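Down below are the structures I want you to see.
What follows is a pair of complexes built around subunit A, which joins subunit B in one and subunit C in the other.
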Partner chain A sequence: MAESILEVKDLRTYFYTEAGVVKAVNGVNFRLEKGQSLGVVGESGSGKSITALSIMGLIKPPGRVISGEIRLQGQDLLKKSRKELEKIRGNDIAMIFQDPMTSLNPVLRVGEQIAEAVVLHRKVNRKEGWNVALEMLKKVGIPEAEDRIRRFPHEMSGGMRQRVMIAIALSCNPKVLIADEPTTALDVTIQAQILDLIRLLQKDFETATIMITHDLGVVAEVCRNVMVMYAGQPVEYSDVTTVLEQPKHPYTWGLLSSLPKLNASGKQRLTPIDGMPPDLGNLPEGCAFAPRCPHKKPVCERQEPSGKWLSPGHFVRCHLYEA
Partner chain B sequence: MLSYLIRRTFWMIVTLFFIVLIAFVINFVVPGNPARTIAGPKASPEVIKAIEEKYDLNKPVPVQFEHYFVNLLHGDLGISYRTNESVNSELRTAFPKTMYLGFSVFFLNVLIGVPTGIYAAIKRSKFMDHVILISSLVGTSAPTFWIGYILLFVVGYKLSLLPIGGYGGISHVILPAFTVSLASAAGYVRVVRTSMLEVLGTDYVRTAEAKGLSQSTVILKHAFRSSVIPLITYAGMDLGTLMGGLIVTEGIFGWPGIGQMAVTAINYQDMPTIMGVVLVAAVAVVIANFVVDIIYALVDPRISY
Partner chain C sequence: MANSIKDKIVDQAEKGGENVLLDVRNLKQYFPVKKGVLQQVVGQVKAVDGVSFRVFPGETLGLVGESGCGKTTAGRSILRLTDPTGGEIIYKGQHLEKLSPRGMRPFRREMQIIFQDPYSSLNPRMLVHDIISEPIRIHHLAQGKGVEKRVYELLDLVGLNRKHAKRYPHEFSGGQRQRIGVARALAVEPELVICDEPVSALDVSIQAQIINLLEDLQNELHLSYIFIAHDLSVVKHISDRVAVMYLGKIVEVAASSALYAEPKHPYTQALLSAIPEPQVSGTKKQRILLQGDVPSPINPPAGCHFHSRCRFAQEICRQEVPALRDLGDGHLAACHLAK
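For the complex of A and B:
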């Protein structure tokens, strides 16, 4: 097995709200190898983004990481002090956010927003920081970078701003890049460009990538492995071909059949998954997916499935495969 | 930008014209005869008539306004009915003193209000946030004359730490400035706290945190800088108001600014002096607003004229 960069074990992040405890992330496990790309897929509220923010150490009260391990090259990030985490954030682990229109500071020049991370982590002076920023803008394919570097975010389009976000994230050559729905807020044509860019840079920088998305198409294009999440837990994990072609979990089946297919004949209807995602503050007993599952057995509503490795590299959490 | 400045200046002049007009007319709405006030209660009708003659008080209001306005355009604010001195020279003495006190208050407001507001926003809903909010409520609610006399009595009289009144250097300005600032800094706290809370929840602050920037850099460089617009608006209004004179505080501490000048002038129906003070106060507010609009464009690149 290749060297593992990031290892998450039994991560649980709960939010202690007045209405009760919301179990947003409820036992997530995965391993990320050097240069590998992992897609995290699930509906809204399945805990994808909270998993990412937990790794970044950016969970704010009333939220709290209550247990688990997040090991970056063997070191548990959950045991680090705030100061130590500041050295890792943006340096070893970087993140791209969903909405480029709101993720850049409106009153700072884009050059400054890239350079400040470089100045901070590389211990260089401001001028060198700006030089790196210029280089990064060119790498992410921004035309007339010498001019754009002095611009403010509102003078750029959404696609350009997302390129700037990518430039910020990669400016310190992180070991892990977390992209939280990086193309969701963009036009379809721009989406493809940004995905191409991420894929290209991922190879270039040998950065391990976690791609959070609800779009299986994105996963198919960019990722090698996929983790399907439901109600704060991974329900299926495997390489991308297996998940797309031989999915085992009923939820994955549901996700796949709710995708439109280009080659489908005529007016074939999409099959949505019935029902709504469960209330994370009040999870059902047994399997969280059971109320919506077309294949549920009596046991599903009584007992939580513990999960099973069907083959090395293919994990499923479902009673259909437990005996 | 240039056309904006020209348009803006034009409207400033229009605004000031109407302020002068309205203030002038109000003088004639209030009952009483200025000539009698000037002459004293025992003056004979002849004397009063002579005074009316001298100050044009027997002419119709539009004619009087025309006289006043033409003089104003020549920079002449007239002669005080009470002291017989030119209002220009009286304002030249009093206004710098008001500016001195006003800027001291403004300085304290910013110095106390802004950091406290930022701190309260960081400690949102925690103990210290509540302490700050409650004390700022108490500060705003306590009447100025009460705070002023308490400070005067305790610090000036009992402890003899500072002079108990009058105009002078730093030691004289501390008590009156604190008296006003204890109440008005509270407004800054609330403005800064609210706008900071709004910005602290934004995506770009999270981006800044994700870069690994320290908390102080995130707060000051990223959050505070983009949250200053409401603060600038508020500070501009505050400064404009302060330049109009602090009537109660100047009274308590015997500070010879335009606030006191206004009070005396109103008591004597000294119209030229009243008009002079109103005009200075109005110009201060109008200029403060103008400067605020210019500063907007300087601090926020999204705003351009």
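For the complex of A and C:
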């Protein structure tokens, strides 16, 4: 086995609201190797973004990480003080968000925003920071970087802003990059440009990437492994080919058959998943997917499936495979 | 059965049949750009710049394009939600662009719209019952007990529970809200429904539920749809014919299967090649990467609007605006070079 960079064990993040405890992340496990790319897919409310924020140490009250381990090169991030975390965040782990407009500072020139991270983490002076910023803007494919570096975010298009976000995230050469729906707000042609860039940078920087998305097409483009999440838990984990072509979990089946296919010939009716995702503050007993599952057995409504490795590298949490 | 009807519609559309429901000719919608204390007009945003297409009874016309291409604006000006700057909108032989607000009223009943965001398109202070019955009362389609009966019928039709009538929009999920929006649009028994990104805000599993609902309703009630969306796989799935827009103009129109199998316009080709598909093995399609961003609609490039990003651009493209030409079988493209 290759060297593991990030290892998450039994991560649970709950939100203590007035209406009750919302179990947003409810037992997530995975490990990420150097230069590897993991896609985390699921619908809204499946806990994929909260998993990312938990890893970054960005969960705010009423939310709390109640148990688990997040090991970055062997060190448990959950045991670090806030000061120590500040050194790690942006340096060893960086994150790109969905909306590049709200995550950039509107009153700072983009150059200063990149240089800020560099000056803080690499202990260089502003002049050098500015030079790194310029170099990064060129690396992420921004034309006329010498001019653009002095611009404000509002003077740039959505695709350009996302490139700036990527430049900031990669400026300190992080070991892990978490991208939370990085192309959801972009048009397809711009999305294609950004996905190409992410793939290129994965090779160049050997950064391990966690790609959070609801789009299985995006996963097929940039990820080697996929974790499918439902109601705060991983329900299936494997390499991307297995998940897309031989999925085992009924939820993954449902997701794939809900999608209109581009290469379908003639009109075929879509097969949606019945019902709605469960209320995370009031999860059903047993398997969380059981109420919507066309293959449910009596045991599914009584007992939570513990999950099983069907083969090395293919994990499924479903009673259909538990003997 | 349903398929053969659909085939007939496409056939008719390709031959330019007589039976046109909506005929949009050279539609223009400009918005003034104002500047300074005196609010002088310094330019025009040409959101829709000479768009022509037809909709036949019972068909779904897909309108696709990237953000800012004018697809939503086109939908809104057809309904006269904004007053078009120029062009003709002919619905069943009637010129809508000339009508007064009062004259428009009977047509408002026949043409409805479903919006993208089911969170902001429903009044949060109104009960579902009131949301759905408002159009019925405005158009005097039922009285007294009849209103309630009709509301229940509509709730059944869109797959909601009758007891949902006494709830407020915030008590529903996104998919259910979209069903309420559909019920409201259908309350007045329209013939043409403009669906403006009706599933973009929904998760895939819910998205498929709404798409199926829209298809069922079309078969049952013989509706015509203009389906506006940016998701090309969804548009392909639901549409009989598809029109592709770029920077305020239609660049290509064809039967859905023909457009996706053999796109003629370089922009359509690039757009289709950019869609990430959830498959790993098999032949990977060659991606055509477009350089740069969409130019500003205030000052679009001269000649063909797409020439600044087109890999085939030649001298003629920089000078002359290409017309939407029929390349055979009702496959239209606005490109000097397309064959």
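The rule is simple: the second predicted complex is superposed on the first by the 323 of 323 C-alpha atoms of A that agree within 3 Å, B and C clash if a C-alpha of one lies under 4 Å from a C-alpha of the other, contacts with A are read in each partner's own complex, and residues count from 1 in each chain.
Following the convention adopted for this analysis, contacts are C-beta pairs under 8 Å (C-beta built on N, C-alpha and C of every residue); 3 or more make two chains touch, one makes a residue touch a chain.
Given the structure is predicted, the values throughout are model-derived calculations rather than measurements.
Touching A:L58 in the superposition: subunit B (first), subunit C (second), both, neither?
First partner only, subunit B.
Tell me which partner touches more residues of subunit A in the superposed arrangement, subunit B or subunit C.
The larger set of subunit A residues in touch belongs to C.
Which partner chains sit in contact with A:N105 here, subunit B, subunit C, both or neither? Use first/second/both/neither.
In the superposition, A:N105 contacts subunit B only.
In the overlay, answer first, second, both or neither for which of subunit B and subunit C A:L120 touches.
Only subunit B; A:L120 stays clear of subunit C.
Just checking: does A:D196 make contact with subunit B only, subunit C only, both, or neither of them? Give me first, second, both or neither.
second
A:A220 in the overlay: touching subunit B, subunit C, both, or neither? Say first, second, both or neither.
In the superposition, A:A220 touches subunit C alone.
After lining up the shared chain so the two structures overlap, which partner does A:N91 touch, if you call subunit B first and subunit C second: first, second, both or neither?
First partner only.
One more residue to check, A:I168. First (subunit B), second (subunit C), both or neither?
First partner only, subunit B.
Which of the residues in subunit A come into contact with subunit B in the complex?
Residues 56, 58, 82, 85-91, 94-95, 97, 99, 102-108, 116-117, 120-121, 152, 154, 165, 168.
Using the touch definition up top, name the residues of subunit A that touch subunit C in the complex.
These residues of subunit A touch subunit C: 43-44, 143, 157, 159-160, 187-193, 195-196, 214-221, 240-241, 244-245, 254-267, 269-273, 276-277.
Give every residue of subunit C touching subunit A within the complex, in rising order.
Interface residues on subunit C, with respect to subunit A: 3, 6, 66-67, 173, 175-176, 203-209, 211-212, 215, 230, 232-234, 236-238, 257, 260, 270-281, 287, 289-290, 292-294.
What does subunit B use to touch subunit A in their complex?
Where subunit B meets subunit A, its residues are 202-204, 206-215, 217, 221-222, 225-226, 299-302.
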